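Alright, structures below, take your time with them.
One chain, chain A, appears in both complexes that follow, with chain B as partner in the first and chain C in the second.
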Partner chain A sequence: MMPGWLRALLPLLGVAGLFAVPRVTGNEYVLALGVSFAMFSVLSGGLNLVYGYTGLLSFAQVGFFGIGGYTAALLVTERGWPLEAGAACGGALAALVGLVIGYSSLRLSRHAFAIVSLSFALLCMIVARDWVSLTRGAMGIPGLPVPVLHLPGWSWRLSRPADFYYLLMGFAVIAQTVIYLVVTSRLGRAMRAIKLNEALAQSQGISPLSYKLLALALSAFLAGVVGGLFVFYLTIVDPSIFDFYYTETMLIMVIIGGPGSFWGVLGASAVLAALPDLLRFTTDLRMVLYGAVLIAAMLVFPGGVGGWLRRRGLRRWRRPHPATP
Partner chain B sequence: MDAGFYLQLLLNGVVIGVIYALVAMGLSLIFGVLEIVNFAHGEFYMLGAMLAYFLTMNMGQGYWATVVVVTAVAVCLGYVLYEALLASLEGGGFERSILLTLGLSMVLQNGAVFLFTTTPRMVQTSQSYVNLVVGDVRVSLMRVFALALGLLAFGALYLILYGTRIGRAMRGVAQNRDAALMVGIDPRAVSRLAVAIGIGLSGLAGAALAPVYAVHPLMGFSFVFKAFAIIIIGGLGNIAGAAVAAVALGMVESVVGGFLPLVMVDALVFGSMIAMLLLRPQGLFGRGVRV
Partner chain C sequence: MTPLLEVTGLTKRYLGLTAVDEVAFEVEAGTVVGLIGPNGSGKSTIVDCLSGFQPADGGQWRLDGRALTGLPAHRIARAGLTRTFQTVRAYDELTLLDNLRVAAQERDGVGWLPSLSRGPRLRAAEKASEARGRDLLATVGLAEYAEAPAAILSYGQRKLLAIAAAMMARPKLVVLDEPVAGVNPTMIRRIETVIHQLNAEGVTFVIVEHNVDFIMSLCRRVIVLEAGEKIADGPPHLIRSDPHVLAAYLGQRRAAELEQRHGSSLSPEGERAG
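Showing the complex of A and B:
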């Protein structure tokens, strides 16, 4: 076992390492993989909070992501808002929408929530494609300007790929810290109790609906903000931001990493953000592979890597100690 | 705008509603008996339509032969689906079943895109452009056939559920699983048949609609969106409710679609689902909320 101080130091070292990457290499491919990892880690972390910890299977995350993207893009281009205000507004709107669909469907059952969240994601794509006067239809909003971030005493023009690397990685670190603080606090314990046994949690004075809505709104906010930042990296927002590809990818990250395992999901996000790209699969084939992985995982490996590690740890802990002579 | 125009829209709506009903009833039946929401349901509709396309256009089969073959293949696929994947899930939690069927849907849909590309294909036969004209209303023969097939399937499903022993057993399991087990109903046999019928109906719907709409690998995806709304509106697990909601939705959609842009129609479907959940969570004809 490693000592406690080393355990606490490792994440800090990891963050420092990630922030050192643009200083070591200016390679745009490496930076693009880093941006993709940062974006997916926030999406999968949010999904893990909702599904892994609270037990709500949500397909709506991609909708929140896209709503954040569209809101930020429209506010910055049409109203001339600064980036941080646009992205925050996108996150807030996503959280509000999340509360509406969560409140209406969770009254019935978790089945209904899963169905409604999927329908919601599909509806988002249809609205983005067909409500031309707001979203400009299938062409989307191309040529988003180079955004400027106004921090206290410093305005930051994001013109180089490395700037976006720092921005998205910085937000990912903040988001992961928030998620970590939530899941290791009383809130996280209550959410886990609701997932494991809702009736028992209720009998202990936990109100399931408010915790579920909290998890959903927080994850929607994070997804919305990261969507608002990510579209400026892409420099375009179009209906493909609601593509099912994002849902499938973040779902596979959570399943492989282990629902309800913070470090497992983070690790799976890192591996799966880089690996398929390095292996150069076509998108269709990658989705077929992801689907097959999902089926196999459900049949033989439902806990993911995180669940497997936890079970192994429990077994070791329960093993009788050999008698010392 | 004369009465004939409205009548035309209503009639088109009934046809599409009956086909929605085929897909939604299968979904509802599988949910009622197995408590599994089959996210791959739309893909079997797509496979049915694709198979119908290849049978008519590449093998030169006639309409009725195609419909029979596609339905039979879909029923067999349902058996295989149950035995290979769903049977191992018994009591395994609803997330597992959703994720499993979602994975299946990804494999089928993206596999079809990979093999056949997303190009829409049209099924054209000698009867494709034949219209029936009654007064002001003209309906293509293919739509009439689709309507007839749908009504035939309604009747067959009704006979199975209410006229046979296994149908009664199926309703018994859907109403109260534990009690059904206690009186000696074999849940495996009942579940297997429910999945086979559900998938069969989906395949039949695909074959019936193939000559009316374009066939492409992504068609199941948008179709299942409506089927989900329908089973929520009709009450989860309520088969008759799903049928009524489907026909009503088809008619509303067709009439509204005659005046408003398409996006409003989809928003209307989603909005009515949310409204139903807020006002009457058990659905229009719900038998009480099940959690």
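Showing the complex of A and C:
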């Protein structure tokens, strides 16, 4: 076990290291990997909160991500809103939609929620493609302008790749901090209780629906905001933002990292965010490979890295204390 | 004085079958009441209805004068009626201490935002619940495993943990659903001691059991159900010789035979409901 001060220091060093990257290298490829990691870490962190901690299998994250992207893009281009307001609005709308689909399906069962979330993600793509008057259809909204972020006493024009690196990494740090605070608080403890044994939690006065909606709304908000920021990095938003590729990638990150393990999922996000570019030579095979990895992980590595660590901890307890009847 | 729990006309139907039929009973504060009956007599259905895990089709129940009819399970728990489960339940991945702290956190009045900001109110509440958790773990004899995940516990130990968890939020009434089913004799005596001790501290119990000896030695009052109806209600020595109870457990003919020979038959070493 690490001493306490080192455990507190390591994340700070990690953040400082990440923010030093653009100063060390201007390499756009490295910065693009960083942006991809930042974006995916928010999506997978939110999915971990909903699935890993609260036990709700959700395919809706990509829907929230895209809703945030479209909302921010439309508000900035059509209404001339500043980026931060557009992205915040995208997050709020995503959270609202999350509450609506959660409230309507969670009172039935977890399975109903999983199916509704999948239908919702597919529906988002259809709406984006076919509601042409709002979303401009399959062509999407290309050529998003260089956004300006208005911070107190400072307006920041995001014209260089490094600017987007700082922006997305900065938001990822905030998002991960919020997720960490939730999962290590007793709210997170209640969420885990609901996942581990919902009836027992109910019998102890915990309202499962409230905590599920909290996890869902929070993860939808974060996914919406990161979607709103990410589309300006892409400079385009079109129906492919609802692509199944995002869902599959964040699922793999959570499952390899270990559902319910904050650091496991964050680490897996870092490794797997770099991977698609290493696999660039097989763009067509990438989804097949992901599918194979997902199935293999389920079969031979259930619980992911986090689960493996937990099983080791269990062995430690079982050895010196032989169980009495 | 009004009773702690007051149940009237409790009814539950599954399609055409009436599993619980107009059952009424009262539980006085500070007592240990047994609820027994052959398989399928409606014991567990009553527990599920009273604790909000199944909607009742009729009837009312009040805890300490407050109507609980129709409330969802978590609200009934917050009102002070907690329960354990026949199929023993625990949060395997959480430590024993966390298993207990979860059970208290919805009743200390600290909301979501203070829980996140970790201010002094939250710290005081969590400290109090940790102290109570350690006390209860000591009572049930699991103190040395406080920091271990619940997954390491044996079946009987999990039953003890479940009883401790049901105590955490200082409930007014605890319903134990088969606390000793499938538990070895040593552990049964341990559980019996724990229930005695907690009762002496003022906790009221309703115990549903198949193990008649356990109920007879623990409860000063026993309610007997058969086919969804209450057929007897009284102190154990009267229940043992009640002709309706004998008929329910042993069948009409055998009960009549025993009646002729001995006068009574649910003997301590004797027959148990399967």
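Criterion: the second predicted complex is superposed on the first by the 314 of 325 C-alpha atoms of A that agree within 3 Å, B and C clash if a C-alpha of one lies under 4 Å from a C-alpha of the other, contacts with A are read in each partner's own complex, and residues count from 1 in each chain.
Please note the rule applied: contacts are C-beta pairs under 8 Å (C-beta built on N, C-alpha and C of every residue); 3 or more make two chains touch, one makes a residue touch a chain.
Predicted model, so just to flag it, every value in this text is computed and none were measured.
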Q. So, on chain A, is it clash or fit between chain B and chain C?
A. fit
Q: Considering only the touch criterion stated at the top, classify A:Arg186 as touching first (chain B), second (chain C), both, or neither.
A: second
Q. After superposition on the shared chain, which partner residues are touched by A:Glu248: those of chain B (first), chain C (second), both, or neither?
A. first
Q: Quick one: classify A:Phe120 as touching chain B (first), chain C (second), both or neither.
A: first
**Q.** Partner chain in contact with A:Arg107 - chain B first, chain C second, else both or neither
**A.** first
Q.
Let me test your reading of the model: by the given contact rule, A:Gly80 touches which partner, first (chain B), second (chain C), both or neither?
A. neither
(Q) Quick one: is A:Trp317 in contact with chain B, with chain C, with both, or with neither? Answer first, second, both or neither. (A) second
Q: Quick one: name whichever of chain B and chain C touches more residues of chain A.
A: B
Q: Pick one for A:Gly143: touches chain B only (first), chain C only (second), both, or neither.
A: neither
Q) By how many Å are the closest C-alpha atoms of chain B and chain C apart after the superposition? A) 10
Q: Would you please give the residues of chain A that touch chain B in one complex and also touch chain C in the other complex?
A: none
Q: Note which residues of chain A are touching chain B in the complex, please.
A: 51, 55, 57, 100-101, 104-105, 107-112, 114-116, 118-120, 122-123, 126-127, 129-131, 244, 248, 251, 255, 282, 284-285, 287-288, 290-295, 297-299, 302
Q.
Quick check: in the complex, which residue numbers of chain C touch chain A?
A. 51-53, 72-75, 77-78, 82-85, 89-94, 98, 101-107, 112, 115-116, 118, 122, 126, 144-145, 148-149, 151-154, 156-157, 165-166, 168-169, 184, 186-187
Q | Residues on chain B engaged by chain A in the complex (per definition of touch) | A | 31, 37, 39, 85, 88-89, 92, 94-96, 98-100, 102-111, 113-114, 221-222, 225, 228-229, 231-232, 236, 261-263, 266-267, 270, 273-274, 277-278, 281-282, 289-291
Q. Once bound in the complex, which stretches of chain A touch chain C?
A. 181-182, 185-187, 189-190, 192-193, 196-197, 199-208, 214, 260, 310, 313-314, 317-318, 321, 323-325
